[in-house]
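Each chain carries a letter (A, B, C and D) given by its place in the written order, and its residues are counted from 1.
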Amino acid sequence: MNPHEYTQVNDRTFLFSGHELPEDERELIRLRRDFHRHPESAWTEYRTTAVILRELRAAGIPVLYGPSLHEPSCMYGLPRPEAAEEAFRRAAGELGGDGEILPMRGGFTGCMAIIEGGLPGPVKILRVDIDCNEVAESRSAEHRPFREGFSSVHEGLTHACGHDGHAAIGVVTAKMIARHRDRLPGTVKILFQPGEEGLRGAASMAAAGVADDVSFLFGGHLGLTLTKPGAVAASAVAILSSTKLDLRFEGKAAHAGMYPQLGRNALGAAAAAVTNMLAIARHGDGASRINIGTLHAGSGRNVIPSSAEMRLETRGETAEINRYMLGEVRRIARAAADMYGCSLTETIMGSADSAESSPALVEHEMALLRQMKEVGEVIREQKFGAGEDVTTLMQVVQDRGGQAAELMFGTPLAAPHHNGSFDFDEAVLLLAAKVFAEIMFSL
Amino acid sequence: MNPHEYTQVNDRTFLFSGHELPEDERELIRLRRDFHRHPESAWTEYRTTAVILRELRAAGIPVLYGPSLHEPSCMYGLPRPEAAEEAFRRAAGELGGDGEILPMRGGFTGCMAIIEGGLPGPVKILRVDIDCNEVAESRSAEHRPFREGFSSVHEGLTHACGHDGHAAIGVVTAKMIARHRDRLPGTVKILFQPGEEGLRGAASMAAAGVADDVSFLFGGHLGLTLTKPGAVAASAVAILSSTKLDLRFEGKAAHAGMYPQLGRNALGAAAAAVTNMLAIARHGDGASRINIGTLHAGSGRNVIPSSAEMRLETRGETAEINRYMLGEVRRIARAAADMYGCSLTETIMGSADSAESSPALVEHEMALLRQMKEVGEVIREQKFGAGEDVTTLMQVVQDRGGQAAELMFGTPLAAPHHNGSFDFDEAVLLLAAKVFAEIMFSL
Amino acid sequence: MNPHEYTQVNDRTFLFSGHELPEDERELIRLRRDFHRHPESAWTEYRTTAVILRELRAAGIPVLYGPSLHEPSCMYGLPRPEAAEEAFRRAAGELGGDGEILPMRGGFTGCMAIIEGGLPGPVKILRVDIDCNEVAESRSAEHRPFREGFSSVHEGLTHACGHDGHAAIGVVTAKMIARHRDRLPGTVKILFQPGEEGLRGAASMAAAGVADDVSFLFGGHLGLTLTKPGAVAASAVAILSSTKLDLRFEGKAAHAGMYPQLGRNALGAAAAAVTNMLAIARHGDGASRINIGTLHAGSGRNVIPSSAEMRLETRGETAEINRYMLGEVRRIARAAADMYGCSLTETIMGSADSAESSPALVEHEMALLRQMKEVGEVIREQKFGAGEDVTTLMQVVQDRGGQAAELMFGTPLAAPHHNGSFDFDEAVLLLAAKVFAEIMFSL
Amino acid sequence: MNPHEYTQVNDRTFLFSGHELPEDERELIRLRRDFHRHPESAWTEYRTTAVILRELRAAGIPVLYGPSLHEPSCMYGLPRPEAAEEAFRRAAGELGGDGEILPMRGGFTGCMAIIEGGLPGPVKILRVDIDCNEVAESRSAEHRPFREGFSSVHEGLTHACGHDGHAAIGVVTAKMIARHRDRLPGTVKILFQPGEEGLRGAASMAAAGVADDVSFLFGGHLGLTLTKPGAVAASAVAILSSTKLDLRFEGKAAHAGMYPQLGRNALGAAAAAVTNMLAIARHGDGASRINIGTLHAGSGRNVIPSSAEMRLETRGETAEINRYMLGEVRRIARAAADMYGCSLTETIMGSADSAESSPALVEHEMALLRQMKEVGEVIREQKFGAGEDVTTLMQVVQDRGGQAAELMFGTPLAAPHHNGSFDFDEAVLLLAAKVFAEIMFSL
């Protein structure tokens, strides 16, 4: 496989630049808003997957889904069984029955569309993520989804990272490609991945082999550090390595008034852990991050708290820096437990290393993007600045000799990602769908 | 009123020492176990109150209950309305209807039995507390309530402080006294107070005037520092002053990977507050206590936590020491909020100062107790070592020229108070009921 | 030996109550002010001891001093050799030569006067402490020693605990007794102990056997919780158990700008230790204390601090509580070192358990004190509220069947003990000397 | 002024590449080792300056020194007067008299050589720094300076950042240029700047106007992130902005055993400040740093510590990030003081923003370096990764229309900078001197 050959042959195709159907954009917006209204968090994207299935099947596109897309031992950070079951029932209610989603029960969400082209060519995959954030959505009149009536109907959940848009892009890109499948070289797969938040979903799909036969893999993200409308970056750089970790400190309860000395204060241990983890020395070789996102400790006001649970994450500009951070976190957790005479349990809830887009593929994208009139600015490298488990799939492809790239699409943002007021300019949806579609025909 | 006169007249009565009915103890144990099975926390003692009402009415004892027993502005630490309502519905379900408890809706729990004696005499009140702890009960075979099938049916709630026993003592003492009401001097009230845990319930009953006409007030507690079976202390000393405080830190969420500097970490503030509050300098004049019982912070793993809530309490051997602790706590909370750029909200959830039993009344008790053959050891002063809002009622009585005493009843304990494995020797129940009944006839 | 017999025989002696010589008080004040001007800290009381020697010898009282009074392996908390040597040279300079103090070189300070009585009787010992505090003295005009020209000439040192007065009391008491030695039953020893601050000096003298042959031991302290002039307490209670500990964290230096991750931040470890040690849970059984008195860490501003040294102490109302505190301190220190990847060195610098005055001896004192007209108020038990290594000597005597008591002498204080503005009413000196002298003749 | 013109005219000069005198390297090593043996910290470089003066004067090069080179109001972080005076006397002793250094007394150290060229041309300045670190030097046999007998004779001071080499390079570069001054275009100044450590010295020299008439300014640093022998970087990037700050917490002493509640624990405040400053959120836009280099707190073991002093520094990849860090530090310091009821004093001890080398000048250097056969590898941009107050002088020159560059010279290092075992390969000295000399002739 030599991408430059494909480049020679295909790079003047331009089926979509300026030639999309009017309904493409309407559909993108309709789907994005539907997903936005019904956000589902990692491993519970039952309704989201079902809607994608319905759309693709209606367009005559074959789709795989269910347990065959996952390796159970790598499904990181599954929700508690009751919460998972509650989400399943909620989706069944919304869908008018659980028939479509029964094969997904237990977290086997997501799906993969497969479009066979009419011309010989390589296998290419577009991966989009579909899960929401566990963040409460703004109910301010300044927040467009609320004002215009498509804000989240699920309390405490919202799409605050644009995956509603990503899912819509995936569906419409599939339809656009399928419309011209006779002129498509090779095969295109569209992988709708659950659980990107928390870096949970990619590992199980990678381990199930979804990307094993792929020559080219593409991912994409809207917004983030790229807020200029019309700008497209051929490659995201500085995708942080990250590990998601749950810690539980167990101490001993005691009456705080009578026998304070008999307690083993798990909250004391947790507080020491929090402060000293935030205080981990910065790394001289690049960016490092630590966040203790949640802490829940104690039972009653007058009882020495006997347990404390925290959910945290580390990140590093390189895998080595992330390992440094994780090592420090573990040492501090251990010591904080010892300091207060508590025991400690650790559970890895998600993990992804950094990855770099393949240089030759980026070169190919650059040539293509420069010729698309919708693309207002072509950027070679754009800082990503966060974690993304597309890297796990990129590594699979690159390790097997293929090429991979993570693109970025510019859009103004109403608020930072993961904030309850997050919103983006929906014009970015059509831009992204056309870029992905063109790329698939160009290789 | 001169207690010594009553002492002269009545102290050889002994209606109950050695003469109780066989069913008295059976009833004490039956009631205690019923209450134990159905624990209800502060301001939700709907079923508990209803059972007490049924028992007392069946014995022909008049009972007051509902809003007239409470001053709403002093009902400290009410639960959230939804939680209160859920508890109300749960109790209605258990009782087979909400008819009896409708007047209590909104937290107006507890009741007051009134037994008019056939002889002239003073008004005397026995106050017992009836609420449970927000502690999960042990499910170990070594835990008798679990082994014998009367453990809590309410998840996360249990009677781990003996108030199930106190409530039973209140009921049976009332019945014992009523059996001989013709020989009773004056009037006896039995006050079943909700919300002792957290020092929440006494203030509203005191403000409603339940103890305004009272010459003698008695409270009692089983266990605590008195673990010798048969021992009775005429007065508890070192009842700690205490204040219950809720704190809420509000910061600002931000994506922990991309813009950590834009967040205002409420968990960071809370952790700094926890550690430095625990580090408040001890007081040279006596015992001080601080406990941060619970902390809940943050929303998602990769979001800088924007809020943190903690429930804490201070205690002091004297009111002055408690004020010192509370002052330090507030200063630290304020500074911790400033340190992390967060705002702070404080809410007082309960409060009671220390109080001392009236010396002359203690003398009278001593004389009586020494003559009761069930009392294995008579102790003048026993260290209480915890807070108790009976002190609020004691102060009302003492301020109006009456006398008050808090007794203690010895029993071996299976585990410390407020521990999920707490249990006591039920033999203490009859002892306490007889002591209280004798006292009421002796004054 | 039966103190009550002695009590019978001697308790109407009263040689000094109202009959002291006019020069006794002048001498007490002269000596106290001389010691105050030349404060010497633990194990460097060279000049102080020499002045005591000169005074006693001038009065014809034999004195022992030098290495025979100490067991080297128990000389806790010796200063650094250079500091010790500098103090030695300073004292030699002040004394006009090192002849007298050569035998003390290396810390063998303190001395013991021996007065043989003319009558048969037991061996009795009065122990006084002579060292100063490492506290800078106030230079305010409100501070009498400064205003009247006898404030410390040694920077950073001052007598802020009254040991200048104790030493003066020891000397004058010896002279008073010696004046009447023919009427003295048995033998009186006056032990001038170095290094009470930090609980350093008693152990080595006890191990050297100074109290092995003693039937009665007395110690005394002015001020503390007893601020009423003329009041004398026959026994100090609540002498806290205490341990003095030095900790050293060793980490690894690194350039803080370039390679922060390579450092091992000993100051970080120490700060975590400080905060979490202050946060050790209070003990339900009685008073506990923790103080980290000093911390010195780091070398340069831009270097990750590679070492940190702290000097701390724990105290407990009982030996068990002190052991609890010390155990927690050690666990926290160990964990703080682990938390920051540092190593830890611990050195015990001083230690003394609590002790109780012998009841029979206290009874004897009470009888005597009540008859002394100078004593304005006789108190049986006075809270001491601090540590005192006289307890080590008390235990030796009590373990061998003798009796011991620690007295307290009331005086108003200008500022709390160990404060740079500490001062007391010198009238307490004569009171104390007379009480001790009378006691020695009464047994 | 157009550097490219100069480039055209002069860039084939090569007076030194391959043509230096044999004594040049011997002299570099001799001087470096002499400086290494006699390290002097910021504002006390009396002997160092005197040796430089002697060397330059012996070579017939005019030198300015003394107060005219400094603006007193900008002399950041001067040592305490006694320490400064002690260093002055020490230097006088080493030099055999204080005649040469009298004009420098009070910190006016450093000097500036001026070499007038025989050809017309611009004014160019080479700035080298000459101060040492306050770090104890290794006394291990593996440490070459110790093994070979030129390790520091001043306790607690050593050249652990290579400024001994920089000073030697400055002297020998001056001599090399002076040897050929007839062929030199314009004027070369060699500025020997004191107090680079702590970013203390550049501001006062810049304010005194030493760089006001300069067209080109050069600085250079050996080692750091460039450890390959023979490598030369034309420009250092990521010179961190930095601020040096001293903080003093003042609380209140109290006896830790008796009245702990009366103290105001300055060490408690400092420990809270240390941990929470280390925990300042990382900045999403680039590298940030915080180091609390030293902390000294408390007086005696049993006294609540009433004062604590810390020396710290912040750094930022950009001036904005440094301002963020400094703002957080100040907020935390303020809050930590409040938390423990202490007062706070802040003193700025040094400060420098980041600066970037001028692109055209870097281009010129690149061309020159590529032609020098001694230069094994030419690097355009090398990460500096630390602070450097040469930036203050660079900004002066760039603000006035001139150009500036900070070079880096590769050398293996025995240990990281600021570590007591720091050492470098002395071959880098001649390389650097030749590069600087060539550059001066090329412009």
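Everything that follows uses one rule, which is that a residue touches a chain if its C-beta (ideal position, glycine included) is under 8 Å from a C-beta of that chain, and two chains touch if they have at least 3 such contacts.
Note that the structure is a prediction, hence the values are computed from the model and not measured.
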Chains in simultaneous contact with chain A and chain D: B, C
Based on mean C-alpha positions, I'd like to know which chain lies farthest from chain B. D
Please work out the Cα centroid separation of chain B and chain C, and write it as a whole number of Å. 47
Could you work out how far the Cα centre of chain B sits from that of chain D, in whole Å? 68
Please report how many Å separate the Cα centroid of chain C from that of chain D, as a whole number. 51
By the touch definition above, chain B meets two or more other chains at residues 257-260, 262, 265, 268, 272, 275-276, 278-279, 281-282, 284, 289, 304, 385
Please output the residues of chain D touching chain B within their complex, sorted ascending. 257-263, 265, 268, 272, 276, 279, 281-285, 304, 324, 331-332, 334-336, 338-341
Residue set of chain D touching chain C in the complex reads 133-136, 156, 197-198, 224-225, 240, 242, 244, 253-260, 262, 265, 267-268, 270-272, 274-275, 278, 289, 291-305, 308, 311-313, 315, 349, 385-387, 416-420
Residue set of chain A touching chain D in the complex reads 275-276, 278-279, 281-282, 284, 287-289, 385
